[in-house]
Amino acid sequence: MLLVMDAAHTQKQLDAVVKRIGELGYKAHVIPGASSIAVGITGNAGPLDPSLFEVLPGVKQAIPVSKPYKLAGRDFKRGDSVVRLQNGLAIGTDALVVIAGPCAIESEAQALRIARLVKKAGAHIFRGGAFKPRASPYAFQGLGAPALDILAAVREETGLPIVTEALDQESLEAVDRCADIIQIGARNMQNYALLREAGKLAKPVLLKWGLSATVDEWLMSAEHIMAEGNRQVILCERGIRTFADHTRNTLDLNVVPVIRKLSHLPILVDPSHGTGLRDKVAPLARAAAAVGAHGLRIEVHDRPDEALCDGPQSLLPGQLEELMAQLRAMGKALGFKL
Amino acid sequence: MLLVMDAAHTQKQLDAVVKRIGELGYKAHVIPGASSIAVGITGNAGPLDPSLFEVLPGVKQAIPVSKPYKLAGRDFKRGDSVVRLQNGLAIGTDALVVIAGPCAIESEAQALRIARLVKKAGAHIFRGGAFKPRASPYAFQGLGAPALDILAAVREETGLPIVTEALDQESLEAVDRCADIIQIGARNMQNYALLREAGKLAKPVLLKWGLSATVDEWLMSAEHIMAEGNRQVILCERGIRTFADHTRNTLDLNVVPVIRKLSHLPILVDPSHGTGLRDKVAPLARAAAAVGAHGLRIEVHDRPDEALCDGPQSLLPGQLEELMAQLRAMGKALGFKL
Amino acid sequence: MLLVMDAAHTQKQLDAVVKRIGELGYKAHVIPGASSIAVGITGNAGPLDPSLFEVLPGVKQAIPVSKPYKLAGRDFKRGDSVVRLQNGLAIGTDALVVIAGPCAIESEAQALRIARLVKKAGAHIFRGGAFKPRASPYAFQGLGAPALDILAAVREETGLPIVTEALDQESLEAVDRCADIIQIGARNMQNYALLREAGKLAKPVLLKWGLSATVDEWLMSAEHIMAEGNRQVILCERGIRTFADHTRNTLDLNVVPVIRKLSHLPILVDPSHGTGLRDKVAPLARAAAAVGAHGLRIEVHDRPDEALCDGPQSLLPGQLEELMAQLRAMGKALGFKL
Amino acid sequence: MLLVMDAAHTQKQLDAVVKRIGELGYKAHVIPGASSIAVGITGNAGPLDPSLFEVLPGVKQAIPVSKPYKLAGRDFKRGDSVVRLQNGLAIGTDALVVIAGPCAIESEAQALRIARLVKKAGAHIFRGGAFKPRASPYAFQGLGAPALDILAAVREETGLPIVTEALDQESLEAVDRCADIIQIGARNMQNYALLREAGKLAKPVLLKWGLSATVDEWLMSAEHIMAEGNRQVILCERGIRTFADHTRNTLDLNVVPVIRKLSHLPILVDPSHGTGLRDKVAPLARAAAAVGAHGLRIEVHDRPDEALCDGPQSLLPGQLEELMAQLRAMGKALGFKL
């Protein structure tokens, strides 16, 4: 249920509405909008009776919401959500945001070297894994906490905001102290304990799409974060698992306009994981920009043959520069900035 | 096995090579190239010994081909294949080709009305179903042969070449007499009897990707056509079947660069069937152009609510005009013509 | 729409009902049942008004049918359909039917040798491909028409009924002259032209499930056959295509109770194609019997290493004997005969 | 790499082998077997040279292991692993183990009532969710810790061992204190942090198959647990996600013989989640027993319409009794006990 307040409502009326919702055993979410204020009600098992709320002073209308997600849906918030980072960068506008960097932080030298190259190419945010979820317990699991210090040094030198993945409560706290955006990976998309903890933080969360999750399940995972209070969620498509084995995963670009219709949250596309093949990354990155993504997440390595993880899908810095030039030209044609 | 002939070989030497291949029980395919002539050998169950052929006068080199498809692969033909229609239109170049029209021909009035509109919008080829493969035996199966006369009238008036689907031997013959391109649909991608008959014709064949076929299976189906002598095959992606139900099918744009690497055949994308939703067609059409497709196949209807089939996924003529303008602007940025 | 006739209706009333349906532009299907006669109406685009028919003398009730298939569904026919072969063998009862034989007929000696072995093991029907749909145009395509003579000789000697695949109009006619059951393969499940032709014959048709077809699409393909008049359709599950690559296909046994609830048609399971691995065939055959299949379709070869097709998934004759003994023991426990 | 020790090796030789492996920077896993002792080596990035180890006194043979998993594979352990619970119950033998109970613990009265019924029907282990991973943050999340006390009371009264799910570090510790088996659900199959924590405990872990994980990924997740020292892993198939929507998930029974060939770990099947439909549970349970599963996991509720979760897929107690009788009869035919 979504309550839309009268334009002329008073703060006292709003407080009384919130209180009444609590008395009924539900949870109120005050949602400020450009022209009006709304109050979302969650926690109800079945449908609610609108008349319960429309009689309250200051309430203009009570709108039942049919989708299982509420805070993540367009019913709750018409306009696009924009996530703003500390350096002022906005995600979710008509300015395409490019996140670039290596799969894993391997050393300070490697990180700084690549960070300078992606900055020079025009990328806006630096990515690099400190804690890596690996299928094998015997594979390189990332440098861990020391990599966070390296990421901090990268930001210090280049000014690029940082995004890196958290895997559990401990790494979440560490990443929150260091990064500008906390990434939750595809394998943890339904790790609800982790989602809830991330929802208690005041830091943007980049939530990747699980390999075989439905769109409803994905938005419900965003809802787990948002229901705890953190509304700064950025979605990221990175390929789904299908019968098709000509690419590592099947990058599903259909989902971009689908999400943009259903949800107000920004959506990025990761063609590196989506295809798993270096020579497919640039074509799919162009396609992602053309289909309406708010940004791209691209793996870049200057020495991919030496990379400790995902070398074969990493662009070379020169390839990133070329891609950025193409995206800039496309933006002029299609009306997005870069 | 692929034999590359000496630049200085004689016709007599070439004839002797072809004869020798026949004597060994295999089939020879002479493949003229820009700078040299090659001879493909098919019909062998296992690998062949290159030395059997390298001793023949005029043969420069014998190259084993590892892929199951031969005529459809880049090993056989390095450069892109270009399919040229009677009116001079070329498919497979850097000029993006747009095929547009209704799902089914419903009447001469409907066909002419829509054909004029798509021509005005800048489309290059008119599509319209005469014989419709329908899941239900009780649904509208297309007007059949009379629709072919309507299509001929459309070409007569508008000058637009025609593509329409054949379902069996009988409709194949009829379509061959009328159309500029014969379409073989996704459900018949592995109807080898039909593929072989199409391979005996001298008309371009548009072969759609089966809903759950691998890339190898798709190219092998092209091979069935090509092995009969018809090299004018155009591939068309129209969505695959996956768990994802947020669109009617999952349009897989990854396959475009994959096909372009493996095969010399032109590849089109059909975002209408690929998504099944009108408001997703234009974004995915832009993405298909950005990813490197040679053309698009788009359903258009001026009265979609009255359409006898696939109304909900048909663009309105005005939407097609808008899309064409976007594609033209994109082409300038990315180096394709329209 | 399904009309249930009064128990006391007259033939004249029935004729009048059929005539009235025709006048309205629909098609009538008289369906004799154990205790009453029903008349199915097909050919309507949208829902029909029951009162149109309930006023006709002799009509007891008009029941709207919501599923897209009608003749294939339980609404039309409550009891299980039983397909009876010329030698009296019944498919669709509580007697489990086992079809066994090689993938392809390679020679009369091979066919007779294997037929004797599968008969000895207790199989009821002999299978062997004459016309093989192969992904490669260069692979062995079956012996063709001569194999049909071999199959006739096998039946002559062993008394086993014969099932073999038809690929197109020509092979359909040839197979109809020779076989006891006509098989339509998974790749042709939506080759509606072929289905309609098979529907005009008076011979049982074994219709395999397409690799990515929905249950509705499968039953609609059965409906294409049945709407032409041939009600003797046998369904056969042979694996679907999924992301899972640990078996050649994913044999989906869930579909057996699903089909048995929705349809009255017999359903068989083919664990040979379903798994593609010899050592998985017997466990999955047992599982298919336990889940309620009416029969099994199993590839058997006594010299699998020499087989021209599908050797690695063929049981050895001794393995078939062992499996038959297990199935017999299971039948006593679960109430089916063998 | 797997080192097989001489039958006549001394403890001192074994200690020296373990020490040498550590010196080389790898990890040694001593694996006692019925007739010989083996030492597994993990932690190597690439292949190891067998001669490095075959020169060590007491080492009979060094066998390279090609699969990414080691401790979970048959190379490391030939015979089947048997997990024994405190009450003596063995999982992984020819005695089929049946786990039954409600999706969620709703109250002590509900739990005890159902536990008595499933015990009466012959089930061996009681299941019931205390911590429920739910797609919606607004849905019933389980009673939490109080449900663990209820489960303890159920075991106290009925003697049935208990299995229940853990979601994070906190619930893992609580479940470890109470349950006989710790369940890790499909959504957490690649929550490596949780797997590693479970690997440090001395309690059997039931690891469900992720909806779209490959067999290798599943066994690698078992490896994450085993590499920490906990070898008591039980696998459980509960359906995969495919295009097929006729059941809630696609229960893949092919995986049972595949796992039994690749791994020594016990494997169970959960037809309740696998199909999501009450009337499909018993047929698929019979099929799972026939295909060779070591046990079944079945949801049972005596008042499914009132169930707070998964009511529609729960068997009624009477249906469980009937199924157990069928399984007993099948066991006599197929050689398993119940």
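A, B, C and D are the chain letters, set down in written order, and residue numbers restart from 1 in every chain.
Note that in this section a contact is a pair of C-beta atoms (placed from the backbone, for glycine too) under 8 Å apart; a residue touches a chain by one contact, two chains touch by 3 or more.
Not measured: the values here are computed from a predicted model.
J.: Looking at A-C and C-D, which one has the bigger number of contacting C-beta pairs?
T.: Most contacts of the two pairs: C-D.
J.: More than half of B-C's contact pairs recur, by residue number, in one of A-D, A-B or B-D. Which one?
T.: Having compared contact pairs by residue number, the answer is A-D.
J.: Measuring between Cα centroids, which chain is at the maximum distance from chain D?
T.: B
J.: State, to the nearest whole Å, the distance from the C-alpha centre of chain A to the C-alpha centre of chain D.
T.: 34
J.: Between chain C and chain D, tell me the centre distance in angstrom, where each centre is the average of that chain's C-alpha atoms.
T.: Going by mean C-alpha positions, chain C sits 38 Å from chain D.
J.: For chain A and chain C, let me know how many angstrom lie between their CA-based centres, rounded off.
T.: Averaging C-alpha atoms per chain gives centres 49 Å apart.
J.: So which stretches of chain D touch two or more other chains?
T.: 212, 241-243, 245
J.: Can you name the residues of chain A that touch chain D in the complex?
T.: 42-45, 68, 133-140, 167-169, 171, 187-188, 190-194, 196, 211-212, 216-217, 220-221, 223-224, 227-228, 241
J.: Quick check: in the complex, which residue numbers of chain D touch chain B?
T.: My answer: residues 212, 241-243, 245.
J.: So in the complex, the part of chain A that touches chain B is made up of which residues?
T.: Touch residues, chain A against chain B: 212, 214-215, 240, 242-247, 250-258, 261, 274-275, 279-280, 283-284, 286-292, 326, 329-330, 332-334.
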